[in-house]
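What follows is a set of structures for review.
Each of the next two complexes has chain A plus one other chain: chain B in the first, chain C in the second.
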Partner chain A sequence: MTDLYIARGQRLAARTLATETVILKADDSGLYVLNEVGTLLWGAADGVTPLATIVERLICPRFEVDVASACDDAVEFVRALGDHAILTVSDRPITGEATPPASAGAAS
Partner chain B sequence: MSTLLDHVMARATDLELPISVHFDLTYRCNERCVHCYLDHDDHGELTTAEVKDVLDQLAAAGTLFLIFSGGELLLRTDFFELLAYARALGFDVKLKTNAILIKEADALRIRELGVRQVQVSIYSHRAEVHDGITKVAGSFDRSIAAIRFLKSQGLRVLIANVLMRENAGDYPGVQALAAGLGAEFTLDPTITPKMDGDTSVLSLRIPTTHLLQVYTDKSLLGPPQPPAAIAGDEPEADFLNDAPCSAGHTACYVSPYGDIFPCVQFPLPSGNLRRERFDDIWRHSQQLKEVRAISLRDLPTCSVCSLQSSCTRCPGLAYMEGNMRGPSSADCEKSLVAAEARRIHEAN
Partner chain C sequence: MIVSPAVDVVVDVGDIAVRFLTTDPELSGLLQRRYAGFLNPTASSAFEFDVSIVPPGRFRVDADLEVRVSGGRWSLERGDFRAEWDPVARRGWIQQTVNPYSADSVLRIVHTLLLASRGGFLLHASSGIRAGRAFVFTGPSGAGKTTMARLAPRDVTLLSDEISYVRKVGDTYVAFGTPFAGELGTAGERVSAPIHAIYELAWGDAHRIDRLSATDAVRALMKNILFFVDDRELSGRVFETACRVAQSLPVYRLTFAPDAGVWDAVA
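On to the complex of A and B.
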């Protein structure tokens, strides 16, 4: 898999509630709720850690899934979030813009 | 309400999180609205550092939806610093303001900081009526100019029109004004007692006959009463086990002095952030526990009222009338009028 890098989008509000992350867009009030896997990816979306590394370190051990299929699913997932401007997805590290915080977790 | 938002609110309820917080940054104001419930003197506002600490605590507690209000919040010279801090913590921020201090550069900054909505109070489409209510000459023109600045930045603006005797017939004009400005519009006939218990402002409430006219006005897409009141929905089986409202359950209010109340309209002192951590107050305050213990079934008058399923009873208003388990006379009146409006609707 070509290395992909993910960064949290701009102009978003977000809060992690236990295993879910609620995201709200300032521009159109779009509301999104990420499940546990999405929450892990969101929290790790620092723009510089390759997606494959995130999947291997955080997703696979937790959900007992093989790396290849987990990576395929993750790519599809982050591209979908990219289409909604929830994540910025790039084939090179994303360092040009500040990555908003993942949000303080609550009741986790 | 969207299904997804229902899910978020249910999750917050299950986890007992304060997902929504109304935070008044100041009670100082540059208007003197005739119906206002606040004391505008500064009795020791939270400092910049204290507000930031409170925001840190709210973020850690799980708050997502944050309303910054006042008083007039732009009177705080650190307002933009606090707004930037809140946004950096990931809050969804809405502002409530009279907007008369907002210039073009301020509107740009508000947009850049990712504010989702700005609510501006407009009392009439006629400047002399609006200015008569705010007691500030020229306030109408300044507020409208600010709305144009905000809209030019692509911001979502909500014009809030509080109805009282002085402006009772003007809401269609305000509604048209909002449409012309590209703003949303909301109407509220609720006049609340002052926070010190003074009820003199209640004489400003519009008479019942006029309330009925409002409730039967088909031009209002968002009437003050929820659709269930008009449609006559049957209550769900476990309706009486529900909480009366979100106050103290998933929402609370923070005053400029760090006081915690269940809601901005529910001035039950429940703790102070200068003496205790937010989480301790939220989880252990006896006052909040008492509020949470009340279900609709525990309301001796309201639980047997025929209008219970459609009533928007506010426990805070009931509290201000002397009993948080009692009825709120203002909501009783609104429910009766809504029932009459439904009868008229069904007859036509």
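On to the complex of A and C.
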């Protein structure tokens, strides 16, 4: 897998409740809920850790899945979130404006 | 020409008073009758409005409600009124025809603004107090809010059949009565109680109660919180409050058939 990097999107308010994360998009007041896997990815989306590393360290041990298939699923998942501007997805590290705190209380 | 003296009508909802000042005796009479259970002339007002009367036809009759925020001032316009206020100065004005509905709209919007900064919200919900605890039934139009109010046993004090008032008092979320009536056409009582639970309504053949996850609870609340303006800061505050409420209170999906037994199922 080509290295991908993920950062949390801008103009979002997010709150992790138990194992899920609810995100409010300021631009259209859209509400999104991330499941446990999405919450782990969201929390680790610092823009500089490769997605494959996040999957290997956080997802695989927790859900007992092999790295290759977990990475494939993760790529599909983060691209879908990228389409909604919940995550920024890039093939190089994302620095600069990224990335608000994982559980920001207010729109950032 | 004889000019009538200005009359204060102070409407107290959720222990937050809004003062309407008008020289029009017909309007002051209308407001006093509409808010009869919620008048509190001695309360210190959180907002004050000078209300002047304009003849019918001054505004576009078919105009939908428009809410704008510009330069820190809020302005509202609809077919029957125009209003503007400064949230910092806590003063504003209303130009309206003689009717009780314009002030009602202003009141709802002002309270959404006030509540957003006080950890609360107005919710599309009926609510009532039974045995010292408030029960809140939320949902969009047609979900059964008025039905729940109609089915309330005699020992239930109705807070609202349409718009419920939720805010934090100390460490507790409290529901207050509102004068904002729905199909029932009856104002709630000006009383309050700690919220026991919030129920998202769904029609069914039998009564069933399912606890919502915290995130589903946030979704249910955000769908039904009254929200009038596309304001980023305000929406962030309301979201934060919805998350706190979802963590602090049990939120259930109440599937119910329209019979009086539903109240015994929840309370």
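Here, the second predicted complex is superposed on the first by the 102 of 108 C-alpha atoms of A that agree within 3 Å, B and C clash if a C-alpha of one lies under 4 Å from a C-alpha of the other, contacts with A are read in each partner's own complex, and residues count from 1 in each chain.
Operating definition for what follows: a residue touches a chain if its C-beta (ideal position, glycine included) is under 8 Å from a C-beta of that chain, and two chains touch if they have at least 3 such contacts.
Note that the structure is predicted; figures quoted are calculated from it, not measured.
Contact comparison for chain A: of chain B and chain C, B touches the greater number of residues. Once chain A of one complex is fitted onto chain A of the other, the partner contacts of A:V33 extend to both chain B and chain C. Of the two partner chains placed by superposition, chain B and chain C are both touched by A:L17. Comparing the two complexes, residues 11, 13, 15, 17-18, 20, 22, 24, 26, 29, 31, 33, 106-107 of chain A contact chain B in one case and chain C in the other.
Contacts from chain C toward chain A in the complex involve residues 213-216, 218-219, 222, 227, 230, 232-233, 235-237, 239-240, 243, 246-247. Those residues of chain B whose C-beta lies close enough to touch chain A in the complex are 2, 4-5, 7-8, 11-12, 15-17, 19, 56, 59-64, 87-93, 114-117, 154, 156.
Those residues of chain A lying in contact with chain C across their complex are 11, 13, 15, 17-18, 20-22, 24, 26, 29, 31, 33, 105-107. The part of chain A that touches chain B in the complex is made up of residues 10-15, 17-18, 20, 22, 24, 26-27, 29, 31-33, 100-104, 106-107.
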